[in-house]
Amino acid sequence: MEAFVQLLNNVLPSLLQGVGVTLQIAAVSLLLGMAIGLPVGVGRVYGPRWLQRALAAYITLFQGTPLLIQLFLVYYGLPDLGLTLGRMEAAFLTLGLNSGAYQAEYLRGALQSVGEGQMTAARAIGMSKWLAVRSIILPQALRLVLPAWSNEAIAMLKYTAVVFLIAVPDLMGQAKILSSRYFAPIPIYMIVAVFYIVLVGATYLLLRQLERKLHIPGLTGETH
Amino acid sequence: MSTATAPILRIENIHKSFGETRVLTGISLTVQPQEVVVLVGPSGSGKSTLLRCINLLSPPDSGRIWLEEQEITAPGVNPDKVRQRIGMVFQDFNLFNHLTALGNVMIGLTKVRKMSKKEAHDLAMFELERVGLVDRAHHYPAQLSGGQKQRVAIARALGMDPHMMLFDEPTSALDPELTGEVLEVMQQLAREGMTMIVVSHEMGFARQVASRVVFMEGGVVVEEGTPTQMFEQPVHERTRVFLRKIADMDSGGR
Amino acid sequence: MSTATAPILRIENIHKSFGETRVLTGISLTVQPQEVVVLVGPSGSGKSTLLRCINLLSPPDSGRIWLEEQEITAPGVNPDKVRQRIGMVFQDFNLFNHLTALGNVMIGLTKVRKMSKKEAHDLAMFELERVGLVDRAHHYPAQLSGGQKQRVAIARALGMDPHMMLFDEPTSALDPELTGEVLEVMQQLAREGMTMIVVSHEMGFARQVASRVVFMEGGVVVEEGTPTQMFEQPVHERTRVFLRKIADMDSGGR
Amino acid sequence: TAVQPAAQQPGAAPAEGSGKLAQIKAAGKIVVGTSADYPPYESIDADGNFVGFDMDLIRAIGERLGVEVEIQDMPFDSLIAALQEGKLDAVIAAMQATAEREEKVDFTIPYRMTKDAFAAAQNSTLVMEKPEDAAGHSIGVQTGTVQERWVQENLVATGLTPADKVFSYERADQAALDVANGRIELLLMDAEPAMELAKQTGLKILLITESTAEGGKSIAIPKGASDLKAELDRIIQEMLEDGTIQRIQEANGLP
Amino acid sequence: MDFVQNLVTTFNFILQGVWVTIGVTLVALSVGLVFGVAMAMARVYGNSFLQAVAAVYSVIVRAVPVVVIIFILFFVIARFVNLSPFWAGSLALGFASGAYQSEIFRGAFQAVPPGQMIAARAIGMSKLQAIQSIILPQAVRLALPAWGNEATLVLKDSTLVFVVGVPEILRRAQQVSARTLEPFMAFSVAMLLYLILTLVTTQVLQWFERRYRLQM
């Protein structure tokens, strides 16, 4: 017990630093993924045929291959082509592109479930197609997509744990360094697991608050 | 039917197909300002398609349409602008689900008519007043009854200051008790001189309000005339049979 | 009602509650071999609960039940074995969705009665023949009509070679046209001498087939007697009113 | 290679290490862990075979023990733990005995003395005369190595280099690639693998030093496996004396 | 020419990892299936103690990154039994997948109409028999679409066992890249192989889904 407290004292500062890095990567990647997923999702539904195909290919590529390989290809592979990204940038880009593919698919589903009639009604009062998408379809789709998006946020938080493999000192990376320093992998990874559980739990509660706040009667489900 | 004034709408020989299905096969129709035209016909006869051709939601394959002397089927015409002049109300309301009643009326005003928030708000409240729904302004569609939804849809269309209105079976998705409140609003509109084309099988409404009844079948106009002519002495046998059938339904069943 | 032979079923003063709700409050009932008892009573009177007590799907809280002289409410009795002797047919069929009609009848034979595939197949086909569904043997439940489903359910129960059968409103989920085919199978069963307890408001069936009609209300047996007694000169006012009401429904509506 | 589960338990709980040698002999097999990313000590060739000095050495040792050698590849920083947990009978991975490691496992006598090297990109203008000249520059090390420990203790703990300029890599070759790509300035690792990697990735060696290395390469074995240690020490001593190790070193291009 | 030669060597080397990847995926999926079904059964049909155990397992395991679970289990498993990295890694991945599969099967069990259980009991089946031959076969069919999705996720997550040294596609790609110093080629080949694997898997699963669709 005493040994454990001693260990905890030793590892806590590093792990907390790791938490900061993990949160930063998750947040930036999620936002980047949104910036990608939003236009891609809209393009998938409302774009011209050729664009739909191209975007589908992007989605298949990123959904059909492991994140870790994508990460290695971006970090270790791209320099072969003359593009050398920093480790954080590589993490952001890979996770962002990966999340973008998933977010686009969620958004596509939501856009399609908004219903034909909304578009027709918008066009009938003289809105252009783009204006209708922007001010009628998207506001509804974005609310509908929120539960799926919450899941993606939580998944993202967990998936950041692979970036230690490109020497990013995130929570997992710190765990790795510490466990070989103190030769105590089991307790250290257990502590790290608890950290992740807390992070995931907090994120879950936070996003549920958000869902409640953005709830519109009849459009989104009550609570879940 | 006066021909002294210029017609507000003139349709000349329009055709429309969806793939193999030929839906409209040569429709011509002229509507004078302030007329109320009630369109009847069996299911699948092309009534909805005709309305959607008129406001270019699905442009005709051939034939021409003039709105207030401007040919709107001519190349280069911006259909968005045309639609601002033609209000349309659907069978299933299609209110914007993420906006309150007020928001539904305002959004066209701010986004399309580019009004300021303040102006839009005031005009929207005025339109909601017109349909008797000021007290429901802050309700979301899911919190409104069918009749209230349809009245909001009418207010939304009116907010765009349309020169004519198209109604596609505005009461057929409503419970009988709620039909009255919507027909009343439409009657009021007609009295104020709004030009209207109404697809409806509410024969009471047609008798009282219509200046003309048009009977369509198989993508063409079979016969048209005043309600009295059409209901009492139609020329065509088909017209008689059809109108008899819906008159029966109106009084009896439901 | 002969009392010479030993009763096949004897129920003595059983009680059953679900949480606060007291559903059965002292039911006693004796059934002789080959009797057909029709159980009637208003909704919520505890008819389904009584049937489920009899085959121990939900064992009574107190009171005792004897099946063929064995006390099945005694501790140590294996309810699975009891249920093999009592067939049960539900209102909503509950056919196993992943099995064909044949599979539905066979599964109990192979898994519970431990027959070989071959034996089970032959017996199952025989039972399907009995309910007139040999030609539907390879259809899945989703491909059968309601009446056919219910007949498969009966065949499934018969396959277990039950000593008595319980029917819980076997026709109430069926369209009127499909009711007949199920009642016919049940009539046939009665003729063959099967002991049956049937919850049903099909009065025609009760008149023709029942040896006894039992009227339940509020968790107790209010009155019982032959169909003639019960329909023509019931002792209790409640019985008269209730049977009148369902007789009316039977002839009038539907 | 490692798809099949070990047919027999290479070792029970590490505590009863006294019978370790007997167990290995009884099993006819010694399970040895390595981290095959460290040529010329250990790596995997195009056919998937484990090659390198350590690999040849352990096979030669196996021969003298009269048992088969089964090699398992895993990340360097998992080796000690795996040995401790009884997953392995021994570890040969160019590993040095440090005080911390010796708390957890035992080591044989060194089979080779080594030096460390600092490597940098070809176009680096950095000049190094002593290890401390690395101060302030971003530096890569392999997780769990003595070099990582040296950097942490002598550069980070002393405030010479900020902690966020030290990067711990899963594998040495990844660190070398990052030096070549310009993501970090320096790499600190064993001299010979550093020279090997430098050759391949076009790095230059800035400094070869003994002061960061803490002795020689040893084989790690479970704590308390005294019979195994005695036997391995004996074999290593024998091989040092009869020139076997020298021969294997030369065959693998090591001085 | 050199390039083509390189590509062929690289491809052949990494290709050997495909079998390991498939092996890891199959073992993990099977282990996850056993865990998932058992936990789902505990969740739906178990007493309150079993329900709580299953719920805690599901919530906790799903809140922790799979790679962390692999590390923990790799060391924990090693403490009790001696398994190769392949088995330890696959079991750990399966343990993680079990939590996700338990949610899938819980939903499927709950989607089987309650009357099915009653009807099974009524013909004299024991509870266990009823679950085995009536509920489970239906639940499995209902679970198939979601399960197929999980299968591709496990296939992709199988790269994570590389961290404990399993020579699957990614590890092989890395070994090649360490030798040839052409990481772009190595990882591109790995990516392509994975893309093929996932696309094939999806097709196969969709075929199954169509074949065994359950009409209710």
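Order of writing sets the chain letters: A, B, C, D and E. Residues in each chain are counted from 1.
Everything that follows uses one rule, which is that a contact is a pair of C-beta atoms (placed from the backbone, for glycine too) under 8 Å apart; a residue touches a chain by one contact, two chains touch by 3 or more.
None of the values given here were measured: they were computed from a predicted structure.
With one step meaning two chains touch, work out the least steps from subunit C to subunit D.
The fewest steps needed to get from subunit C to subunit D is 2.
Work out which chains are contact partners of both subunit A and subunit C.
E
More C-beta pairs touching across which pair, A-D or C-E?
Result: the pair with more contacts is C-E.
Once the Cα atoms of subunit B and subunit C are superposed, what angle does the rotation have, between 0 and 180 degrees and to the nearest 5?
Here the rotation carrying subunit B onto subunit C measures out at 175 degrees.
From the centre of subunit E, which other chain's Cα mean sits the farthest off?
It is B.
Going by C-alpha centroids, which chain is farthest from subunit A? Tell me that one.
Here the answer is chain C, farthest from subunit A.
Suppose each chain is reduced to the average of its Cα coordinates; what separation in Å results between subunit B and subunit C?
58
Centre to centre, by mean C-alpha position, how many angstrom separate subunit A and subunit E?
About 22 Å, centre to centre.
In whole angstrom, what separates the CA-based centres of subunit D and subunit E?
Roughly 34 Å, centre to centre.
As a quick test, compute the distance in whole Å between the mean CA positions of subunit B and subunit D.
Computed from C-alpha means, the inter-chain centre distance equals 83 Å.
Using the touch rule from the top of the page, what residues of subunit B touch 2 or more other chains?
Within subunit B, no residue contacts more than one other chain.
Indicate the residues of subunit E shared as contacts by at least two other chains.
If we look for residues of subunit E contacting two or more partner chains, we find 75, 79, 163, 174, 177, 183.
Quick check on subunit D: which residues sit in contact with 2+ other chains?
Within subunit D, residues 78, 81, 170, 177 contact more than one other chain.
Per the touch rule above, enumerate the chain pairs that touch, sorted by label.
A-B, A-D, A-E, C-E, D-E
Under the definition above, what is the set of subunit C residues touching subunit E in their complex?
Residues 55, 57, 80-84, 87-88, 90, 92, 94-98, 107-108, 111-112, 140-143, 153, 156-157, 159-160.
Write out the stretch or stretches of subunit D touching subunit E in their complex.
By the definition above, subunit D touches subunit E via 1-6, 9-11, 36-37, 43-46, 48, 72-75, 78, 81-82, 85-87, 170-171, 173, 177, 200-201.
Given the complex with subunit E, which residues does subunit A contribute to the contact?
Answer in residue numbers: 60-61, 64-70, 72-73, 76-81, 158-162, 165, 172, 175, 185-186, 189-190, 192-193, 196-197, 200-201.
Of all residues in subunit D, which touch subunit A in the complex?
Touching subunit A from subunit D are residues 77-78, 80-81, 84, 100-101, 103-104, 140, 143-144, 148-149, 152, 164, 167-170, 174-175, 177-178, 181-183.
Any idea which subunit E residues touch subunit D in the complex?
9, 13, 16, 20, 23, 74-75, 78-79, 82-87, 163-167, 174-175, 177-179, 181, 183
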